[in-house]
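Below you'll find a set of structures to go through.
One chain, chain A, links the two complexes that follow: it is found with chain B in the first and with chain C in the second.
Let's look at the complex of A and B:
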């Protein structure tokens, strides 16, 4: 996410401070390891534990805006808190870097941070601009939905928090049958064509059902639905014209923040069609 | 990025540290745990397959994976391309009435394939090399804008990425983990 999906980071850094959240960057943070889980789960566990232990050292809670990272860190916490033997093994490795996993930190994704901690009343107070009448398809991203046994930030089968946040911004979000479906992103390293076909199928479904666009909160999904939209649609023999943006970008626009500061120019899908820019009323 | 390790494959990394006999015993233990621990509870309702994201596109059948595991046909699966078709959406694990997690079985089988020196598909090797050298799956990218320009991270007013504080130390410690089996 920090090496490519800059618009997510920009819009997070613009919006959260307005709602009383202080963002602190942790030195030495690295990849969570989840993209390499197919190669070696021990490596994934070590890398996640390493990041958690940096948060332990700083005595700070973690905002993890990427669902895949959020799952990796949740799973590592779960394993280390429940398995003393594994905690010993991992801590022996971490000590070589002067780190130790304690497990005091809490993990948040954007959606639960905004919905559960900041609260919808605060969101409504911050809204400065009436957005156009839009019906946006909510896409959560597999890894904040499932598996529920890891304590996911939203309900696995009937998530409602993103819709509630959107409603407090004045944006409608109707249900659709494909809401819980995968973007196809995890297959990108080794089955790129199939991966794009999966993305294309969901884009097609969203267009067919008359949505004005898609809102999401996952950098991998954004990469698939936004950056690769043209290719994805072609791969299923259709043409897509679906504006796709981050939840935090839409929040920022409703709060009256300049679209350049939210990285809106980095969205490659036709977001101009939504009529979101313009003066604050 | 990736100057030092361009020549190194995953197979090198996974075979350099420990003798093959140790590797084999670890794998066998892992398999026993999988077979005893999960597959006996599966009654082949195929709910996992009916919701599988990879089923229609790549013909993955998670209930068959569990059935093959139950029958001990490990090598057949480790040698098969099919284990690399999972999208890790976790629907199978979420919806199994018996709490059998096909997605976790597939992760284990893929790990075993790597450990036994099978060819690793796609861009995984590249991602691993990048993580080992800079801590991220890729270095900071220059990205396109909708108006046809390209921009870098530093053009956007974002803070400098701290990166690894001791890249060499990190590399040594992480390499040790990369050859260990969970």
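Let's look at the complex of A and C:
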């Protein structure tokens, strides 16, 4: 997870304990390896497997809030569980650190952890504050949708879990045609104009359809829609005024957590317009 | 057998160039039980046959070993010769010294040695062979055809015209099937009903056809030549002898225009009592008891309006379900197909917009008897679409859905381009998003060329998504020919869904004891050479129940299946090959391993009471058994023997081949 996205981490650390999830920081856990994939696939696999084997050693299930890291670890799990020869090779490398990949620990993203494990009933019980009547556009982010054969946390063509979570927080989330569109993030280093155009197009579509804002669960997408909002909108000749926040931030607000603890001041988009701050009713 | 003749063939020079035929003849003469040994240049010729027959007559041989080519070639020939000459045909043994000896080796000396061993081992087996008799089964000269679509109609007519009695069972109120739903057919643009209705009428009036509509096959017993079938006849609640098909009851019904019409793919509504479509055969009303108010609540206003309206007094609420029992010699299965429900592909928007429809729905919109009387209109607003986009291969050739090609989609879409232009004028924009265009049949490529020449936009690729915002539909398509991403705005999307096995085909196949291929369609006995046969003797398949196909191929396969069935029905009795498996009930432990293995479902468990205890043993139906030997090899108790391949016979052969010093019992 990119370290600049404090707000995501802050809001996760605030909300999950309220729903009975204990967060443990695994010693020695590192980068998932995905950023190196175009240079050295074996190294990426090694790094992912190393992280997975730390979870095996500690006997703790993994919560991977960044969809890209989640995909890297899922992909590694998929390769190691399906290819005995590769598992042997990787385990030979891991042995130098006294680790071994077994693959018995489960892998969660925020969305499936909340929707499938914690359950919507628990969320409804935790809600302390009636949020204003909002219609928020759900944005999932490509990496937790596809490739479906890796076993992703949500359906690749018709994901509904985020909407269900929002509804249990008392927030509406209507379907929209551009829901599955990419944020443009992956193109940023090599094709910045195209990348910003993708971001701008989606922001434009969201405001055109009268949504109050966007909710997402990916730090990369957040970076595009939130931090680069003004530039992105300009690149498609439009002006955007779309509040963008993390699902866990919205959850925290509904649970009555102080917005400063959720890092709401770190969001660059006009989140104040949503009227979410204020006392618990 | 005790008096064995050995006949060695030169096969021109095919055998004699590599095997010293004469030395074999000289040597086998010395073997126990051999009373005659001869060679000839072509044993399979008429002259060769004379040599064998003469030996039967003069030397009185009762067993024969023919050393020649593979038994696949001439075993039937030599069995026939033996039978002609007055010998039991099943005491003939073939020693294959061509494919398995002379053709395969290049040393004359060693080939001769090998041929010698092969012949001697065959002689050892021939000593132990037993004369066998063919069983006989009488044939019931009636046929059952299941499914009243174009395949079932064609098969029924062919069989009935040959003079056989045909029971045609159709589950819907009318015959006609999918073809009746179509407006026009490719590539000739014949009006579908115009070419189908005469055939439906012919079925209805044919003296040899018993038409059983609104009926379903319940169970099947017996085997080739003598099947006993139970058919459930659902009550129509209409006296078919009185009903004139006037339709007064349909107009009168209180549920009028309130029930989705299946024939129009739910695009219009019908009454609870209805006539399936204007050309329905039989043209009689049928009452749907699940939606009829009188059936559901026991009352319908002051009284059922249909009864009031019917001048012929044909409405009969008292009708009960009946079960008919049929006795037939052969069965043609023509149960057809379903179309994939495109809702399973969320990205194409079928469940999100009324203006995303399937080809079959468009066919109903185009049809003059359809919900819009032949005017193509947007289902959402009733307006004329200005732009129509067709998406091919929806679920077809897609490993997440159906891996196979639907074989009718491309041509259906191309045909509908022509029909849409007729209907909406030249100004309508038509986009075709295709994977490949498969225009494989006679006249199809020419048809495609014509459509291509018209003002139609072809994109090669699969759209990633159909985006729907109220009435606005946009499609992202990456065209792999120009390598460009396009966004298409369109008013109506027509999906070409995959052809899939009928929803109940698993249950149906189990009931009929038929196998299915991996895709779920019914399995043919051989894809290339026995496409209408199944693994159950006497049951044939035709049309899309075997796999997707167009009307041309369906009709051809139906006539083929009918002709295969007629081949059985035209015989008074069937001869059964006696080379089958036989169970020794005393040795059988009743473990049922053989039952699960038998590909022909020829083995059944039989319960008997022995010394006050119930014991189970396997019994083989000699008509169904094909003599494949699977059960023989699998039986853990060694209780099953294959006639003509008994253990002692095979062991005698192995004994000779194993032990050269013994030389197979040389005197």
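Quick note on the criterion: the second predicted complex is superposed on the first by the 280 of 281 C-alpha atoms of A that agree within 3 Å, B and C clash if a C-alpha of one lies under 4 Å from a C-alpha of the other, contacts with A are read in each partner's own complex, and residues count from 1 in each chain.
Methods note: contacts are C-beta pairs under 8 Å (C-beta built on N, C-alpha and C of every residue); 3 or more make two chains touch, one makes a residue touch a chain.
Predicted model, so just to flag it, every value in this text is computed and none were measured.
Novice: Considering only the touch criterion stated at the top, classify A:35 as touching first (chain B), second (chain C), both, or neither.
Specialist: Only chain B is touched by A:35; chain C is not.
Novice: Now for A:96: first (chain B), second (chain C), both, or neither, which partner does it touch?
Specialist: first
Novice: Of the partners chain B and chain C, which touch A:120 in the superposed model: first, second, both, neither?
Specialist: In the superposition, A:120 contacts neither chain B nor chain C.
Novice: Should A:43 be classified as contacting the first partner (chain B), the second (chain C), both, or neither?
Specialist: first
Novice: Between chain C and chain B, which one touches more residues of chain A when both complexes sit on the common chain A?
Specialist: Comparing chain B with chain C, the partner touching more chain A residues is B.
Novice: Which partner does A:27 contact after superposing on A: first (chain B), second (chain C), both, neither?
Specialist: first
Novice: Thinking of the overlay built on chain A, is A:19 touched by chain B (first), by chain C (second), by both, or by neither?
Specialist: Neither partner.
Novice: Classify the contacts of A:177 with the two partner chains as first (chain B alone), second (chain C alone), both, or neither.
Specialist: second
Novice: Determine where on chain A the residues touched by chain B overlap those touched by chain C, and list them.
Specialist: Common interface on chain A, chain B vs chain C: 148, 157, 180.
Novice: Okay, in this complex, where on chain A does chain C touch?
Specialist: By the definition above, chain A touches chain C via 148, 155, 157-158, 175-178, 180, 209.
Novice: In their complex, what parts of chain B are in touch with chain A?
Specialist: It is residues 10, 14, 53-54, 57-58, 84-85, 87-91, 93-94, 101, 107-108, 110-111, 114, 120-124, 127-128, 131, 135-141, 143-147, 151, 153, 156-159, 161-166, 169-170, 173-174, 176-178, 180-182 of chain B that touch chain A.
Novice: Could you please specify the touching residues of chain A with respect to chain B in the complex?
Specialist: Chain A residues touching chain B: 2-4, 6, 9-10, 13, 25-31, 33, 35-43, 45-47, 93, 96-97, 142-143, 145-148, 156-157, 180-182, 184, 186-192, 194, 197-198, 261, 263, 265-268, 271-272.
Novice: Enumerate the contact residues on chain C facing chain A in the complex.
Specialist: My answer: residues 345-347, 352, 400, 465, 467-469, 474.
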